[in-house]
Amino acid sequence: MRYTLGCSLSYNILSDTTFIFNLEVAKLRSAEILSESLILKPDLKREVYITPDLQNRYIGVNVPTGPFSLDYNAEVDLTVHRADPATINETPIGQLPLDILPFLLPSRFVSSDRLTPFAQAEFAALPKGHQRVNAICNWIHDHIAYQPGASDGETTAHESLLKRAGVCRDFAHIGTAFCRALGIPARFVSCYAHGLVPSDFHAVFEAYLDGRWWLFDATRQADLDGLIRIGVGRDAAEIAFSTPYGNMQPVNQQIRIVRSDGLGSPPQRTVDAISTEIPRPHAGAA
Amino acid sequence: MRYTLGCSLSYNILSDTTFIFNLEVAKLRSAEILSESLILKPDLKREVYITPDLQNRYIGVNVPTGPFSLDYNAEVDLTVHRADPATINETPIGQLPLDILPFLLPSRFVSSDRLTPFAQAEFAALPKGHQRVNAICNWIHDHIAYQPGASDGETTAHESLLKRAGVCRDFAHIGTAFCRALGIPARFVSCYAHGLVPSDFHAVFEAYLDGRWWLFDATRQADLDGLIRIGVGRDAAEIAFSTPYGNMQPVNQQIRIVRSDGLGSPPQRTVDAISTEIPRPHAGAA
Amino acid sequence: MRYTLGCSLSYNILSDTTFIFNLEVAKLRSAEILSESLILKPDLKREVYITPDLQNRYIGVNVPTGPFSLDYNAEVDLTVHRADPATINETPIGQLPLDILPFLLPSRFVSSDRLTPFAQAEFAALPKGHQRVNAICNWIHDHIAYQPGASDGETTAHESLLKRAGVCRDFAHIGTAFCRALGIPARFVSCYAHGLVPSDFHAVFEAYLDGRWWLFDATRQADLDGLIRIGVGRDAAEIAFSTPYGNMQPVNQQIRIVRSDGLGSPPQRTVDAISTEIPRPHAGAA
Amino acid sequence: MRYTLGCSLSYNILSDTTFIFNLEVAKLRSAEILSESLILKPDLKREVYITPDLQNRYIGVNVPTGPFSLDYNAEVDLTVHRADPATINETPIGQLPLDILPFLLPSRFVSSDRLTPFAQAEFAALPKGHQRVNAICNWIHDHIAYQPGASDGETTAHESLLKRAGVCRDFAHIGTAFCRALGIPARFVSCYAHGLVPSDFHAVFEAYLDGRWWLFDATRQADLDGLIRIGVGRDAAEIAFSTPYGNMQPVNQQIRIVRSDGLGSPPQRTVDAISTEIPRPHAGAA
């Protein structure tokens, strides 16, 4: 499916500020970037860095005092991998590849160690596999209220769980935390999301099952097969769309994504298991 | 300087347990491994993984019920890089290489975002450079009591700061947090430590200054120039010497390190700035 | 029912220490104290204070360096008030007497404000009355593991809930918190508890229903009709059996309670609603 | 000094709501109430309760759906007790009256137990007495930023301390916490405050020194000798000006206090120690 997407951010810079942005579409085999442009005003020198393992695209810019805006546009052709959820199993910890370890351990906002008693009590007895992670998403959707203002940039998964409220960032953190607490590697995903109203950067998560990273969205707010990845990481700390160091005021922020292939959206959300990552062979101790 | 070091761990495995160990000496140019052996009893198949960026050596072992022991020995020739602390400066954020970002952001136990008001109030006015990080270590040493039992595996830097007590793990987390709060990249280091009494795995931290990672130990308990790195990471969550998944009881644990070149230790601890990492050129937006 | 009970505490006092004890049986109409003795060694001057509202008996003693022991014995005749739980209703907040307010508000360890989303989600739809509070106790008993060492003197109700583990103090805090979150006044009770194994000071809670304070024990470890109250308060902070100010080491602690009327205990725990407080008329806005 | 003061609160009640208000001037010997009126619209039946020990005046009102307003006015003649701070000493714990215990122990927002290491490190060596508590206020004023929005109704003293920001409620909680951590009984005070701009309910604290409760205001925002007490308690949980149970929207809130004796205010804030409570004899173990 073809999408036209992008974002426009504007700021008033009060003192020299370094920005680190992560908002460009990740270069995945599943997401072919047909065209792309990034325009800064003023047109400043930028440093570009792509993490070798996760393919996150970071841009560093030093911005002087005054107005500053960033305009990103891309046309992307997304081909997701679909499968029957019932066929997707979990991998015993002893057979997981060791490089997946960062996504099994707790991180700044994914306090999976603190949530382990709860997750074990609630989900340990469920049949394993994609269905179990989907049950986790259903539990989150049924028990956590989507409530802008219920959290901030320091809220952890266990705090959101206690408060029973949060936004997409928190839904993704709780889902990731529950998975890790059950021995399922999981990671936080930032993305452009077709079907999300109002339009915004979206946060979902991926769980590693049967050698592949599968997408999950506990908010149930966007099309699971219309998610264009920006970044993946342990949690929101790693892939904020903007990390500023300096004194500045955000002025405006607009995120957009539309279908551009003339095809309509299906009337119902997909029930397929969806992945946008290539599978990987996993070596493990037998 | 030459060291003979190692560790012996024994367990009683109650049900099949997967261990992920990180306890072998990291292969750095500064730490030449003259000989090394790892003996497991029973002699089980092990999976080996070395993180490509940080060179952490992980071993994965699936251990069946019954007794289990691990014995690691190595002889290491350590050549540290020394410099006059007064000559080592901080790098403005806008000139830091973007791949250092993970060590500027908060992580599971290094809650630098929550400690920023405190760190700014306490240290922002100090002259920048190695001396500032050393002042941080002095502050920690003077204000935090070394108190086994004051923390556990879930304790974060801000909790240790409030409690004014902790162990080496917590001292290193607080030091790392303060640095990150001031815009100095910092990372957690696990190591064998000459001079540490009683002998144990030790935790210190490194701060990135003037293109190099420099060692700091806020506990002041070991020889700064006698630290042999095992792992580096965002914090203790990433490089626990042992991460078990299963039901087991630790039986015994012995860590050892002695000088083996026949030379005595200097009567006083070094005041040099010490690094065991090669320098790196850093690319940044001018 | 007649009970012989008491406690023996011994300490090694390292520097002058002020103790405030709350361990004598509360003088309730339901608990007739037939005989009582308190022996201190050395035999120090003690200050006695009984809170006018809640009848908590505090003893203040200033103890010099050296060995110190306290021995308390009492013979008590307990006559509980029994009722059919199905007949006991909740009182709408608008009709509660205002002096009950302290037991509706959050306190140091009873973080009822933080637990309100959870309590509302879990219990709001249950039929109101004694049965609802009993359902709360059942939930706690089924979901929280009784685990010495899982908490300490600073653990709050929401922390115990997250950890899914605690001791009697934490079970009582969670029960009290859930009640307050539902608008049911509730308070923490310390007591001697017949049937508790191993013998110890016990913590339960009371909920205010239909003009009376009714006892509840979420641990299900003692006879509900064999609880002899020591103190009541907002939470454990108010009625610790011992609050020391000074440098001392506890040496030994023995708590005891046996039936002394020659009658055996019934084979099964009671299912009656139990109260040891006289009823009170409540004035409320109609 | 004579003051005309009061408050006007208006609400839109969405469903039947029980309010418990604590906003009338406390009847102290030092604050003679010359005239007073409380007007509710609609004119509803109210329940009145005055706590026997602390003299807090609570009003309970059940308000039906629709608009609701409360208008309170009073004229008060305040005669404070002044003394030279240098003459006011602390009382050793062993000589404090036992009924002061609630103000030595931690409470919901005054997490003095968690702040004890910090308070001991910072203030233990200071000369004891009124001057030490004043030094505590100076420390708070210098280190905590007055920042509306930095806290909410669940923020505890140690959280405000870590954040280094808060409002009057938090300044009072930290001051109370530090005192309790040093063995100085302290309590939270809500009041009308002359000199406070913008006008609002104010929060300060009192410390028990030399048999008397002395006022302290770490915000330094109001006249210490122009504080008219509404309530005292362990912390803000006990004496919120309004505790609502129901679904309602606050519409408007106006608090006012002016000098009404025609005398001007002195050009500078007083440096006297100020108390509005009568002294009390204290019995203690010699």
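Side notes on the structure shown:
Each chain carries a letter (A, B, C and D) given by its place in the written order, and its residues are counted from 1.
Methods note: a contact is a pair of C-beta atoms (placed from the backbone, for glycine too) under 8 Å apart; a residue touches a chain by one contact, two chains touch by 3 or more.
Note that this is a predicted model, so its numbers are computed, not measured.
Annotation, subunit B versus subunit C: rotation angle of 180 degrees from the Cα superposition, expressed as a multiple of 5. Residues touching across the subunit C and subunit D pair largely coincide in numbering: over half of the numbers involved belong to both copies.
Rounded to a whole number, the gap between the C-alpha centres of subunit B and subunit D is 47 angstrom. One simple way to say how far apart two chains are is to compare their mean CA positions; for subunit C and subunit D this gives 30 Å. Multi-chain contact residues, meaning those touching two or more other chains, occur in subunit D at positions 114.
Taken pairwise by the contact criterion, the protein chains form one closed cycle in which every chain touches exactly two others.
All chain pairs that count as touching, in label order, are A-B, A-C, B-D, C-D.
Interface residues of subunit D facing subunit B in the complex, by the touch rule stated above, are 114-115, 117-118, 121, 143, 145, 158, 161-165. In the complex of the two chains, the subunit D residues touching subunit C come out as 16, 18, 20, 44-49, 51-53, 58, 60-62, 92-94, 97-99, 101-102, 105-108, 110-111, 113-114, 153-154, 183, 237-238, 243, 245, 283-286.
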